[in-house]
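The following blocks contain the structures, represented as C-alpha cells.
Paired with chain B in one complex and with chain C in the other, chain A is shared by the two complexes that follow.
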Partner chain A sequence: MKKKELIPGLILIAALLVLLRYLELHISPQSQWAMLLTVLKKGSIYALVAVSMNLLNGFTGLFSLGQAGFMMIGAYTYAVLTIPAEQREMVYMYYEGGIIRFALPSIVGIILAGVVAAVFAFLIGLPVLRLKSDYLAIATLGFAEIMRALFQWDTLGPLTNGSNMLRSYPTFKTILYPFIVSGVCIALIVMLINSTYGRAFKAIRDDEIAAEAMGINLAHHKRIAFTVSSFFAGISGALLAMFQTNVQAKSFNSAMTYEILLIVVIGGIGSVTGSVISSFLFIACSEWLLRFLDETHVIGDVTLPLMRSGFRKVVFSLIIMVIVLFFRQGIMGNREFSFTRLFSGRSKKSKGGKADE
Partner chain B sequence: MDWFSRNLPYFLAGISVGGQYALIAIGYTMVYGILRLINFAHGDIFMVAGLLMVYLSASLPVFLAIPLVIILTVLIGFTVERVAYKPLRQAPRMSVMISAIGVSYLLQNLALYITGGLAQQYPAIPWVSDQITVFGASTKRVTVITPFLTIILVILLVILIKKTKIGMAMRAASKDFETSQLMGIRINSVISTTFIIGSFLAAIGSLLFFSNYTGVTPTIGTMPGLKAFVAAVFGGIGSIPGAVIGAFIIGICENMIMMLNQYVRFDISNFKDAFAFLLLIIILLFKPTGLFGEKQTDKV
Partner chain C sequence: MSNILEVKDLNVAYGGIKAVKGISFEVAEGEIVTLIGANGAGKSSTLRSIVGLVKPASGSVVLKGEEIAKLPPEQIVNRGITLVPEGRRVFADLTVLENLKIGAYLRKDSLEEDLNWCYDLFPRLKERSWQLAGTLSGGEQQMLAIARALMSRPDIIMMDEPSLGLAPIIVQGVFDIIREINRQGKTILLVEQNANMALHAAHHAYVMETGRITMTGTGMELAENEEVKAAYLGKARE
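Our next item is the complex of A and B:
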C-alpha cells in the first residue's frame, strides 16, 4: 500500500470493523442471516491460511501440500495449552486429566500455536525443502499425514487426548476477534512480500537457477518462506479451533489442504487480495449460498429433479472445475485489488511476474 | 510353528495388499512418466470402480457386472483425461495438478451425492471371496490370487511396452515428450492409451481390494491412492517394475507393523498409514529418484 493510500485505507478498515460489530449486534441467531456471521468468521480464518499458502505456492513457487498439518499443530497447541485447569479432568477423562496442569492466557496460546507450527516447519524443512516441485508436494502431504497419525496416537494421549476431542478452551466472543487477528497477520505477510525477502522469493519462483546465480541463498530463503507460512497456518489453526469450539485431528486431512489450495487457485495464484476474496466466496458458497440445492423443491406438481442432500457439493465442484479449466488466472490473476485503481479506472498491469513453473 | 501360524495371516495380507497397491501404482507411474503429472484423481477412479460394482451387481449377474465395471471405469478414466487434462497440455504443470485435485474433489462429491454418504456393502464375488485355509491360516481366496494375478498382468504390460508399436510410442513419449511429437507420434492417442491401461488396472485392483475390505465410502480411494503413489515414487517414478516392487514393500511393511503391534507395549496400529509416508520422506532424502529411477539433470 502506498503512502497516500494509507489514510483512506485505515478509515476503510475502521468502517469495516464498525459494520461487522453492527451486524453482529443486530442479527439475531434465529434469523436466516445468522449464517452470514458464520461465513464471515470462517471466511476470515480461511483467508489467513489461504494467504499463508499463497506465500509458498504463489510467491516462492514451493508447491507444498502440508497446510492442514500445520493448522492442526496450531489448533492442538492452542487447545492443549489453554484448557482451564479445572476442566482438564473432564476433557482428558481417559487419561486422568492429562499431563499439563496449567492453562495459559488465550493470546499467549495463539502466539505459541504459530511458534510451535513454525518450529515443526523448520525441522521438517531442513530435509524436505531440498526436493523439487512434485516431490516436495507429496513429501509435505505425507508429513501432514504422519503428524495426523501421531496426534491420534494413544501413547501421546496424556498430551493430545488421543483420538478424542479437545474442548472447553476459551473461544472468541466477538466477530471482530478473528478479523483483527487475521488482518494483522495478513498485513505482516504483505509486508514480508514487499520486503527484500519478498523480492528474493519471487526471484526464486521465476527461476531458481537464475536466482542462485544472482546471489540469493536458495536454502535460506526457502526455509524462511516455509517457516513463516507455517507460522501463520498455525495461527489460523488456533483461530479455527476457537471457531469450532472443539478440535479433532481427523478433520485436518488432505481434503482440507486441497480445499485451501482450491481457494488459492480461485483467487489467483500470486495475489493476496485474490486469496482473501476467494476465501469468503468459497466459504459462502459451500456453507450458505448453495444450500438451497440440498433441499427438494416442488414447483406446482413437479418436484425438481436431482435436488437432494449433497447436490450442492456436486454443483460446487463443477464450478471449481470450470474455473480451473477455463479461468486459470482465477479472480485476480497475480494482480492486487486496489481502490485507487478501481476509481481512476485505468487497469495498470502490475509489476509481478508470471507464476509459471 | 505356533509363531508361524499366528503371523502368517499378516504376511498373506501384506502380499495381497501389496499386489492391489501395485495395480494402482502402475497407473500413477505411467501417467507420471509421460505427463509429469501426479494424477490425484487416480485413487478416486479406483473408488468409483468399487461403487460401480456395488450398483451394477445389484441388478446384473456377477459375470456380466465385472466386465461392465471394467469397461465403464476405463471409459471414465479416458473421459477424465480428455476433459480435464488435455485442454491444459500447454499450461504450467501446476495447473494440471490442480485440475487433477479438482477432478478428485468432483468424483468424491459425486460419490457422496449418489451414496448419501453411507458405506456401501461390496458384493461377494463367487469363488474369489470364498474362505480357504492356507497352512492353517484362514483367509479369503482373493488374498492368494492377488499376487499371482498382479505378476501376470505386470508381465503382460511389460511385454506390451517392450514389444508393441504403441509401447514403443509410450517409451518415446516418456523419454522426450516434444521430440516424440516431432517424430510423428500421435501424442494424444498415446496418452489416452496410458489412461486406459491405468484405469483398467485400477478397476482390477478395486475388484481385488474390495473383496477384502468390503465397505465402499466416497473417500476410501484417497489412502490407497496416496500409498500407491508413494510406492511409485519409492520404486522410481516412471519405472513399472519399480512401482510393483515398491507397492509390495509398502503392503508387506504395513502389515508387519500390525504384526509387531501384538508384541510391543504401545499401540502402534495408528502408524500403519503413516509408515508409507515416512518411507517416502526417507527414500527421497537418500535416493531422490527412487530405487530404479533414472538420474535426471536440470537443464538451464
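Our next item is the complex of A and C:
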C-alpha cells in the first residue's frame, strides 16, 4: 500500500469499527436483523481462516486440506488453557477435573492456539510437504481426520475432555473483538505475501524448477508457508471457539475444510480481498439468506415442492457447480480489491496496472 | 586465462538410467563454451547437475577452485553460477519486475544498478516491467529468463536451449544478446541444438553423444569438421 493510501485506509477502518459498534448497540436480539451480527462475527472468523488457506493454496501452490484440523487444534488449545480453574470440576466432570489446574488469560490463550497449531504443522510438514498436489491434499486431509479422532480418544480425556464438549472459557463480549483480531492477522498475512518471502512463494507456485534454479530453497519456503498458514488457522479456531461458546472435536470435520476451500475458490484463488468478501457472502448465505430454502412454504393451497430441510445444501451444491464450470476465476480472480482503483480504475489500467503496489 | 569451471568425470543417473556417463570439460573465464548434441545426449542433465537441481551420482564440479558437486542449489547459485532453464520457465503470474527480483533472491544488496543494466540490455522488458510474464511473447520470455538469471550477478551463466521454439529472426536476437553479455565480462556455458548458431558464437565447443563427450575443439574447428557437419549441421551448410 502506498503511503498516501495509508491515512484514508485508517479512516476507513475506524469508520467500519464505529459502524459495527453502532449496529451492535442498536440491533436488538429479537429483531430480524440480529442475524446480521451473527453473520458478521462468523464471517470475520472465516475470513481469517480462508485467507490463511489462500496463503497455501493460492499463493504458494500447495493444495492442502488440513485447515479444519489446525482450527480444531487452535480451538482446543484456547479452550483447554483458559477455562477458569473453578469451572474445571464441572467441565471435566468425567475426568475428575482434568489434569490442568490453571487458567491463562484469554489473549495468551489465543496466541498459544496459533503457536500450538504451528508446531503441529511444522512437525507434520516435515514428511508431507515432500508430496505434491493431490497427494499433499490427501495427506493433510488424513492428518486432520486423525487429529479429530485423537482428540476424542478417551485416554486423552483428562486433557481434551474426550468426546464431551469444552465450555465455560472466556468469550468475546463485542463484535469488534473478532474483527480486530482477524483484521490484524490478515494484515500480517498480507505483509508476508508482499515481502520477499511472499514473492518466493509465488515463484514456487508458478514454477518449482525455475524457483529452485534461482536459489529458492523449496523445502524451507514450503515449510514456512505451511507453518504460518496453520498458525493463523489456529488463531481463527480460537476465535471460532469463542464465537460458539463451546467446542467439540466432531464439528471440525472435513466438510468444514471444504467450506473453507469453497470460500477461497468463490473469492478467487490468489486474492486476499476475494477471500474476505466471499467469507461474508458465504456465511450470510448459509446462515441467513438461504435459510428460507429449508422451510416449508405454502402458497394458497399449494405446498412448494422440494422446499424442506436440507434443500439449502442442494442449492449450494448447484451454485458450486456453476462457479466451477463457468466462473473459475471466482469473484476476484487473483486481483485485489482497492478503492483507489475503483474510483480511478480506467486511468490506472491504461498505464498497465501500476495500482498493484 | 584460468578455468572458471572444471567438470571431471561427472555421472548423472535417473534411477537406473545413466544420462551422463563420466564427462569432463573446462570452461575458461570470459569465454563462450557450447555443448552441442542431439536430443537425449545428456546436455540438459549436465547443466542441471552443475547447478544442483539433480544430484550427480559421482564426479566433481569445481567452480572458481571450489568443489560444488554436493551442494544444494541455493548455495551453488550463491557462489556465482546460474542457469537459464530449458523452455524459459518464467513465473507467468508475476510481473516482469517481480521475475527480475526473484532472480536476485539470494542477494541482500541494492538491485537498482543491476535492474538498470538489465533494462539497458533488454529495453523491451523495461517497457513491459508491469506486465505479467505469462503475457509476453516467446522471444520476450526468453529475454526475461536471461535477464532474470543475470540478476543474481553470476560470474558464469548457463543457458539451456535458449533458441528453443523461437522464430529464426528472434534466435538471431538471442545470440546477439549472448555475445553482448559475454563482451561485458560474463562467462557463458551454452547448450544448444541449433549447432550452427552455437558453434559460430562459441570460443570452445564440445559435442555430446549418448552421455559422453565425443569431440572437442574451438567453435570454428568443429563448425568446419566434416563429421559435425554431417551429423548436426545437415545440408544447411551446403
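Definition applied: the second predicted complex is superposed on the first by the 346 of 357 C-alpha atoms of A that agree within 3 Å, B and C clash if a C-alpha of one lies under 4 Å from a C-alpha of the other, contacts with A are read in each partner's own complex, and residues count from 1 in each chain.
Please note the rule applied: a contact is a pair of C-beta atoms (placed from the backbone, for glycine too) under 8 Å apart; a residue touches a chain by one contact, two chains touch by 3 or more.
None of these values were measured; they are calculated from a predicted model.
Once chain A of one complex is fitted onto chain A of the other, the partner contacts of A:Thr196 are limited to chain C, with no touch recorded for chain B.
Looking at the shared chain after the overlay, A:Lys42 reaches neither chain B nor chain C.
Shared-chain residue A:Ile209: touches chain B and chain C both. In the superposition on chain A, A:Asn334 contacts chain C only, with no contact to chain B.
When the two complexes are overlaid on their common chain A, residue A:His221 makes contact with neither chain B nor chain C. More chain A residues lie in contact with B than with the other chain of the pair chain B and chain C. Once both structures are placed on chain A, chain A residues 209, 356 are touched by chain B and, in the other complex, by chain C. Within the complex, the chain C residues that touch chain A are 51, 53, 72-74, 76-78, 82-83, 85, 89-95, 98, 101-103, 105-106, 128, 130-131, 148, 152.
On the side of chain A, the complex with chain C involves touching residues 196, 199-200, 202-203, 205-207, 209-217, 270, 334, 351-354, 356.
Across the interface of their complex, chain B is touched by residues 57, 63, 127-128, 130-131, 133-135, 137-139, 141-143, 145-146, 148-150, 152-155, 209, 253-255, 258, 261-262, 265, 269, 308-311, 313-314, 316-318, 320-321, 324-325, 328, 355-357 of chain A. The part of chain B that touches chain A in the complex is made up of residues 32, 36, 38, 83-84, 87-88, 91-95, 97-99, 101-106, 108-110, 112-113, 116-117, 219, 222, 226, 229-230, 233, 266-268, 270-271, 273-274, 276-278, 280-281, 284-285, 288, 298, 300.
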